[in-house]
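Starting off with a structure, shown below.
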């Protein structure tokens, strides 16, 4: 069943890319960025999933070779990644607000003073 | 006495700590902020320099496990920091840039407000780049890339009252986070394959054998790091951000943030995937490099803004680095690293000059400047040194490294018999000439020619701003003249360390690990250069010059005198000859130059103008499309 | 062919150059070249035709009174001349000739002025025709200035003194030798018949030359003192005073 | 003794005196023969020397808009760079400083005089000079592409499958295997090189940068007196250096081994090449426009040299 | 010795700068005719220079119109010493047929010292050659005077 996760994550990432590439509204672009992030997060978390594994919480005495548990590292990675993604989104949104104040629009076709 | 194995981590942490302390104590006082910034960057500089002896000279590799979580049963479980000559080389570039930028910022940023944010972001950026080049853990690398990205965004948009800066920041953020997302995706796939994040271990597990999933990871990480080094389809936000950021930050961007991406690509291709012996990867890198250098320089020729022009040159020069490093040969790697270092020196210098011009005149528009050499003679000299360096005039450093690049590429051409590399050499030379052309344009448009009336009150920038410029100028000359020493003590250890992965793995994972994984050690090498003896050239040059000057002095009685214009001369004898007309302000500005060239290339420039449309969607499309192309290429050719 | 001149260049390279070796070997000007002006003062009759026809006013005439006559100098300013040759054409006496000397340069522009001086005896008076004229018209035909008009039908001979330059040609040509530069009669104030002896003239006279005595009705003038200013004539209420020849 | 030899090398042969004298001789011959081709008598052969000496005797005016130091230093830097470049070039067999610079380095050393001219012109502050430097730069851009192709072709031919940019090796190869001009593959490159020489020296029809009838000598417009003299000398020396480079690349087989004889043959070669590719071309063409110049070099000349490169690669 | 060589060269390599101050082009064409194969002043080292900064001999033609007077004077100021001024034809010396026009400042002698005046309307190329040759002797004398 883990394949569903992978498919879902790839679909999310592709959707995110599609949104970033095709939507002209800056907020939508930011949303697209977070969709990509979440797709990747889903992927990372899925890589650590072991069918039927327990939670990776052991005392040193309980730990033995062959303990079957879910890989904890991807979860840690995912948490970090989510935090970073949130930071990036916050930063992006604040920039969008600033941009809207300066350009009086959030259309990416209008916001292109720097070109050529 | 502290053992030097702690130095790398302390250096990085000092910078982050400096950022934190600036938040706490630096709100009110400029002096405290400057003190903290100088102190932390100074400490980082000293600590990294202290590593030169063990790492570069003794050839040691320093490893450091965070929290002393050393590997268990051959599996790395902690975050490891590892400093080999390559990492140290880039770390040296980083701390050097940071220190100079910090010194420069003191006066350059004095007219801005919210300087506490500036220093916080600046120190965080420095810390993250230092962390990136010193870390031995791919996920840690990703985190550093992310910190780097959003501190860069903050700094690019720092002068948000100036037109376009927030826009540049936004574009930088979108493209940058796309790049880091791809890196993260690649890291995730790698982790799924190898169940480790440690570079050394990854390297020994992958051992150059690529399965479909690792090829995917390779493609994604390659693209992600390529975005971070802003090679061509991904270069658009860099051009914007370098333009709008304060000059001290532009210098940091092109000097180390860019290099961090290059470092990542070298680390990725040479060490993690060990893919550089595959001719398809070489071809991919060289194609990217050639396109990058060419597009960068032609775009630079069309620019009207001093800093934007420099930004496109940054892109172009990174093309050289990628081309050379992508050859997979020792000579190529040496050349690439040398050019990366030189790029830091001369591009930093040029950005500082642009900053000085901005500081003195308030604009960087090439069409409004002119004749500043009379008002800012020292800046002019620094600029000329930088310009000659970047355009590769002997005996400056740009020449030495470009010359090595040509040799490396042509060596590849003759040894592989592939004529593509021969034309890559030709392209590199032509790009170098075009670089010269666009700097001639800047020289004419900004420093020479006639002074517009609006700039009559311009004055030379303060000495504290000139100090970093002088340091960089001197280094530009010195590294150019003593290039063999530089390559012996700095580049060859770094290139050797890059090629000899087994040392790196052994140090990290324990003796014999690499051999167990089948990693063969390559003996240390010394690339053979062709002939260029700058010291002799300089000596002969000076002798001829001295002989000439003697002749001039000796002929004092015979020749007629030199009559220079007195200060108050207005018209007449000392006026500019303008067909007898009263010399009106008639400055030939940058946009008027080179139309003979542009006319022939009209179609090309039209296409380029359309490509650099300024829409963030288009830019994102380039990234996604290039990622797709790279993936297809990798699946098709890289086995 | 892309470079049509290559054959010519090669041919030239091995043939003699067509350059004149000029300063070493003088080159004669082509016929009818109009170069440096030569002026023969002996031939000149001072008719002034050349001065009149010169469009850039390059020819100037200078008179200088010397004992026994006048020195008339003609200056032909080559730095002002257009070398049109009109003066040569108009000069009846062929005193002006434009030579083929083309080497006209000088460090001092004054060296480029061709001058000639001729002495002319003092002429007594205006041209007049005495008794015995046959109105042949030779004088009129020979007058360079067309100052003389002769009408045989009405038997009149007139001279325009404004035009006359007193060259004396007419006198030379006159078959009857009746033309002469006669001494003109002296002029002065003449009293007419209507004088009422009001004395206004005497009062206006700036030099006190006129004496009027009303009772004796006498009007006298001291010719020595008179400066012929004409104030008396102007102020005469009866307009009886006039200027004229004194008999 | 060693130092004396070096000093002799720098100052007399093949340094300042030799390069300057041969350069001036070439320039004089160029003018004389050009005049003869135009059916004129022409100036005496030592006319460039007269020009040089005369300019030394003229007042040097530094205009108000100019940056004095750069303005005066530019010609001297160009001169020194040219002399040092000449020292690195072989005079057929004779080499003053063996193994000090390779082909690529020479390519770059040759741009220094052009840059000196550009910077000097730019620093004079004259708008005509501004136009002139842009044209000079476009000229440099134009001929650099064919030049590098030529050099790479020669390097491939001589080096085979190893990297060879060394002039000594090229000379040795030609001594052993005869002049490279005899090779079929390199003939287009030799023609291209002949066409590069006039642009590098800046003579008609490629003298757009110094077009005295349009932009009043471009970068040189504000120069007078001694600096102008040095610039004129530089142009003359460039003739020597470019023709020597040609003979080093393509005619190295003519070396005899006797220095004096080599020098003589070299001078004769220089004269012949100057007359072929500078004087004749000057006599039969008119000045090109700058965009046509660029087009010409990037299509015809670059095509020739690229053809040569491809032919060499294919093993001809 | 160098001084002597320089002074000799001064005579043998005079570069001309030509200023047209409203000339009818007659004299200008004759000056150009001097460069043609038939007269070929390059025999004596003459060359037309593009800039007054390179000039040794300034050749002035035309009647010095009031528009061009200022330009002429400015150009003359910008010529490095030693230099000569040669006038071509009648116009600069007198104004010729334009004499007395409101727009003609004619005698050039009012503003500057003329070294050699060549007369003619237009000048004959031989006269130009001879006149310019005379100017070179003056140049040499001027250079020798500078040495003292």
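Labels A, B, C, D and E are assigned to the chains in the order they are written; within every chain, residues are numbered from 1.
Please note the rule applied: a residue touches a chain if its C-beta (ideal position, glycine included) is under 8 Å from a C-beta of that chain, and two chains touch if they have at least 3 such contacts.
None of the values given here were measured: they were computed from a predicted structure.
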| item | value |
| --- | --- |
| For chain A and chain C, chains touching each | none |
| Partner chains shared by chain B and chain C (touch criterion as defined above) | D, E |
| Identifier of the chain whose CA centre is least distant from the whole-structure CA centre | D |
| Chain-chain pair with the highest tally of contacting C-beta pairs | B-D |
| Chain whose Cα centroid lies at the greatest distance from that of chain E | A |
| Chain whose average C-alpha position is farthest from chain C's own | A |
| Separation of chain D from chain E, taking each centre as the mean of its C-alpha atoms, in whole Å | 34 |
| Separation of mean Cα positions, chain E and chain B [Å, integer] | 58 |
| Separation of chain A from chain D, taking each centre as the mean of its C-alpha atoms, in whole Å | 61 |
| Rounded Å distance between chain A and chain E, as computed from the means of their C-alpha atoms | 82 |
| Contacts with 2+ other chains: residues of chain D | 35, 38-42, 56-61, 216, 221-222, 225 |
| Two or more partner chains touched - positions in chain B | 555, 558-560, 573, 575, 577, 579 |
| Pairs of chains satisfying the touch condition | A-B, B-D, B-E, C-D, C-E, D-E |
| Residue ranges of chain E touching chain C (in the complex, touch as defined) | 37-40, 43, 90, 93-97, 99, 109, 114-121, 123-124, 126-127, 129-131, 133-134, 138 |
| Chain D - residues contacting chain E, complex | 31, 35, 38-44, 47, 49-54, 56-61, 212-213, 215-217, 220-225, 228 |
| Chain C-facing residues of chain D, complex | 33, 35-42, 280, 283-285 |
| Chain E-facing residues of chain C, complex | 17-20, 22-23, 27, 29, 33, 35, 55-58, 77-83, 102-109, 112 |
| Contacting residues of chain E [partner chain B, same complex] | 2-3, 6, 19, 51-53, 68, 70-72, 74-75, 77-78, 80-81, 146 |
